[in-house]
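Below, each structure is written out as structure tokens.
Both of the next two complexes hold subunit A, though its partner changes from subunit B to subunit C.
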Partner chain A sequence: MTDVGPEERRRRRRLLLLVSPGVAWIVATYVLPTLLILLYSFLTPRLGGGVEWRVSLDAYRTLTAADARASLYNPYVTVLARSIVWAGFTTAICFVLALPVALYIHGRRTALGRYALLIAVMIPFWTSMLVRTYALRYLLANTGPLNGVLRWLGFEPITLLNSRIAVVIGLVYTALPFMILPLYAAVARVDPRVLEAGRDLGANGPQTFVRVFLPLVSAGTVVGCVLVFVLSASQYIVPTLLGGGKVNMIANLIELQFGDAFNWPLGSGIAIFFSALTLLGLSVVTAHRREAQLL
Partner chain B sequence: MIATRPGGRLAVGISSAAVYLFLYLPVVVLVLFSFNGSRTASRWEGFTLDWYRELADNTRILQATRVSLVVAVVSTLGAVVLGTMLALGLERHRFRGQGVVRQIVYLPVIAPEIVTGVSLLAFFSLVIGWLNDVLGRSAADALRMGLPTVVVSHIAFNTAFVALVVRVSLANFDRAIEEAGQDLGASPWATFWRVTLPVIAPGVLGGALLAFSLSLDNFVITFFVAGPGGATLPIEIFGQLRRTIRPDINAVSSILFGVSTLALLLALGAQAAGERRARSRGPA
Partner chain C sequence: MIRPFDRWGLVRIAAALAALLLVAVSCGGGPQDGGGATSPGAGGTTGRCGDPERLGDTLNFYNWADYIDEAILESFEQECGVRVRMDTYTSNEEAIAKIRAGNSGYSLVIPTDYAVQIMIDEGLLRPLDMANIPNVANIDPKQMGQYYDPDNTYSIPYQYSTTGLAYNVTAFDTPPDSWGVLFDQNRHCGQSSLLEDQREVIGAALVYLGYDWNETDPEAHEKALDLLLDARECVSGFDSANYIGNLASGEVVVAQSWGFAAGIARAENPDVAYTIPKEGGTIWQDNFVIPADAPDPYTAEVFINYMLEPDIGALLTEFTLGFTPNLKVEPLLSDDYHQIIDEGGIAITDEVRERLVWQVRGPEHDIFAKTWEQVVAAG
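So, the complex of A and B:
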């Protein structure tokens, strides 16, 4: 142990007093409960909720084994795969939609114009996801305003709600701001002279875009994609309100195990798989901290 | 300018306009139809305030609003204290394990809410079960999840957001004035209250407003820890709109959206004021 003076000891005590209450609170509510469900995933379910303190690997067996009765169709794997595929689709669609917005905001001449357009993205970023998803459901409903307008124009009404398409529309709708903000942060830092240099060296427009511009915004793209992917794959509100209970994703599966199915170990196992995915995402985001700062 | 050719610029403009329309159309329609005279959503039958008036008689919504306000105010106050302290520790000191602490503070920002919700459900059930055993409570007067578990959970994620927001205003802060205060004999405690806090106050206020809005809006985590007594406004809205479509749900949703938007705009205003002040005080 190195010898430290009284000044340094006082500094350390002050630091401990400042940091420990907040860290302890987050550890108690985020780290410990996660470790607890990691433990629960290796125990036996108890009827009515909770666990029996008896070790069992059933949760992981259920997750990995194909169910012979259902002709090798494992419903858990199906929902997991569906959530990941849809989150991937959502991420790609969000990128394609967010890039022009980031470019457009960056192209405004006045700081006020840029700021106003950014705030217009931050409002859906910060306001209630439940209210926004409900608003989308209200708009798309069979007897909703969209079909009202269609009928008024003489078209056949369309049934969108409680379908896969409605869920994917909802995932994109809720996740878009999470892609636009980090992407804008990256676009704003691109030095236009580098793009000019690319053109001077003989690259045409698309070549400059793909070979010079996209690599320059790749850090912001990574942050945006991780945020959108994690958010979308774990969505509970969107599949519940727009899928009408027919189109389930991972979160519905977890909720079911902790609710009506009373299989907490299985629910914990699925949740743990998901946390592992998220920790991976966290390490990527903290590696690109500057882009995350806009959030 | 990145899109240089006029054609490219036009395409960027049109697609951006479409994205903004997509982001706002559902909410604008919802707010508009909360004033619709008709009960059916597919027809517009003139302006009315009936649905807002009906809210005053919806006792469940009123009760949930009270719960929401208590949770939001208490969790914001708790988070402002814990989060500001965390920000000061992280920004003012260099120490071993700082990276780990920073990652822990980032956890509530990135953790999927569904995982947080069910793990808190498991955690609180275990702790409350132990407490009931220790206190010898019978089934009738046993402790359950409710308002306290909701407040504890909200303080956790709000602390993280306040810490992140306050760190930004501390980073823009000219440390020379703090050192000047200490050179003039002020204790660290006095320096904080008389020098540091007045300068970072806009950042703290901004963080508080964001925390208030996050708490008011949170659904997924609250859903799992609410118990019988902790049903906040989003929980009640979710329950009611699963049963029937009632126009007064549009009204209460519009109010919730409006309050969060207002809190966000005030938070951004506070931060902008803080940045202006930091710039005018600091050396060029």
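So, the complex of A and C:
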């Protein structure tokens, strides 16, 4: 480009020096493993796990083609679709639940009140997710407190644990803070005078909400939705512990290939396919959006 | 196969520590000399520690999680002066992957039967020097020479157990005697579980339908799949991790279970009993093996020999609630152990033994993974 002075060149070199540890870290812990998975997906499975160094397209063939036995469905596509649909559900539920919370927090008069509520939202992060999910297990169990109350009230106990409902409850519970925080940040930046102007110009309540307020918080909405969706679609702990092995998502199927099924190439193939799908979806959502810079 | 954690392991560790304190107090000899002396306190004289000259300082041991009374490691250190550093795994696949990668640093691993076979086939194991393990003479011949290592060149049995049916006696008028109670005869929907294990679950379905446990015929698998797709609607889950606690608490009243796991549940809740269904169940065995690249095979062999001492073997089996392959251990097992194992229906009688099969794993068994995917991806 344009010629730069020695001062500017030094500045750039310093900058490069500063970013290089971070870049090296990402290359070592993310880029290389991803390439390794990509490589594995084109090799041959080995008994007991691992790969034989023989090139094979079997993983992708298994993934895309229906099984040779006509009566069987394609389990990978089924579970992939399920993961995506449920992550979508979770995102929608989280948004509906989180927006009022964000507004409520923003509405507190004192900074202390706002901080206290924000910290309350973040407190669950201080406890291991595994422990929190076990707590949910206990809560939803046949012999757990929820059914205890039902029984005490004279109702029939209901089976909640190891069901789709339990998994969706777990997904929403886990992801909710990731929606509340960016939404709050967006809500806090909304200038109330703009909303007033909307009202002055003749918009009624719902119109102001939909046509003025929502566009103003769209940046936070996109960030929150993307975070929640990606987090939920790839969840492992929640479907494992709350789905009881019956209600599985894509991470469970990947784990199976790396474990008992002795098929690392197929597991890698599923992971690559899923990542590609997620990236594609993300690029569609964030295309032409300045908010994408927030990601 | 993935194992659950022993829920009362902590209690036992606490008890073991208390016992150790007692030992430490009663031994309370003179101060240790600070130098790098290799001769360890009272060791050597008992003849249980091999040649002190050749013994290493530490032994790196790779074992199943919650599969040994840690007091044994402490007493080995006390007696023989070797510190045992133990890491744990929860599946054979994990152990194989680690050893296969090489330079694991472990001198001793405890894989299950089929995993031993895979490791032998890949040259990952080192032949055992039986001259260093004279106590191998204590082992029950019935547990030696199994399919995965016919001459026991590479492996010596550690513990073994079975897979069958655990149930709560209060939930059944007559004790269940068929896998049907988890399939098309299930009267306890939402209160029953199958293992999260492709070979065990599909195998049980296959024998229930009259096939062999290790059957690989696609038509048989099709029928087993139909049975399992219906069964999954009724069972509360496929669960290898939490069912022990669920059995003990009554959350689940009938479950496909490992024998030792049923023992742990019964120790907490005496209403839990166990049976091998009339169609058959499986037997499996974990084994001492030494990796080919083990840094200290001699110390590992001395430790194996130590583990095969009757008193140490008794500590082990009282802890795992599995079965001991060690004939000299059997008379030492406590009344508590027998109360759980014999009266709980967990013990292997001659009549039961005839119904037990080993699960073999070869490339032709990949069909189990395919059938299993259909089972777990449904719904």
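Methods note: the second predicted complex is superposed on the first by the 245 of 295 C-alpha atoms of A that agree within 3 Å, B and C clash if a C-alpha of one lies under 4 Å from a C-alpha of the other, contacts with A are read in each partner's own complex, and residues count from 1 in each chain.
Just so it is clear, a contact is a pair of C-beta atoms (placed from the backbone, for glycine too) under 8 Å apart; a residue touches a chain by one contact, two chains touch by 3 or more.
Given the structure is predicted, the values throughout are model-derived calculations rather than measurements.
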| item | value |
| --- | --- |
| Touched partner set for A:F274, first subunit B, second subunit C, both or neither | first |
| Touching partner for A:D58 - first (subunit B), second (subunit C), both, neither | neither |
| First (subunit B), second (subunit C), both or neither touched by A:A141 | both |
| First (subunit B), second (subunit C), both or neither touched by A:K246 | second |
| Touched partner set for A:V31, first subunit B, second subunit C, both or neither | first |
| Partner chain(s) touched by A:G50 [first = subunit B, second = subunit C, both, neither] | both |
| Residues of subunit A touched, compared between subunit B and subunit C (which is higher) | B |
| Subunit B/subunit C common contact set on subunit A | 49-50, 141, 143, 241, 258 |
| Touching residues (chain side subunit C, partner subunit A) in the complex | 1-2, 91-93, 96-97, 100, 115, 118-119, 121-122, 190-191, 193, 196-199, 218, 222, 232, 235-239, 242, 249-251, 361-363, 366, 369-370, 372-374, 376-379 |
| Residue ranges of subunit A touching subunit B (in the complex, touch as defined) | 11-12, 14-15, 17-19, 21-23, 25-34, 36-37, 40, 49-50, 97-98, 100-101, 103-107, 119-124, 126-132, 134-136, 138-139, 141, 143-145, 147-148, 151, 173, 176-177, 180, 187, 190, 192, 195, 205, 213, 227, 230-231, 233-234, 236-237, 241, 250-251, 254-255, 258, 264, 267-268, 271, 274-275, 278, 281-282, 285-286, 293, 295 |
| Residue numbers on subunit B that touch subunit A, as the complex places them | 1-5, 8-9, 11-13, 15-16, 19-20, 22-27, 29-30, 33, 40-44, 82-83, 85-86, 88-90, 93, 95, 101-116, 118-123, 125-126, 152-153, 155-156, 159-160, 163, 168, 188, 210, 213-214, 216-217, 219-220, 224, 234, 237-238, 241, 245, 249-250, 253, 256-257, 260-261, 264-265, 268 |
| Touching residues on subunit A, where the partner in the complex is subunit C | 47-50, 67, 69, 71-73, 75-76, 78-79, 137, 141-143, 159, 161-162, 164, 241, 243-248, 252-253, 256, 258-263 |
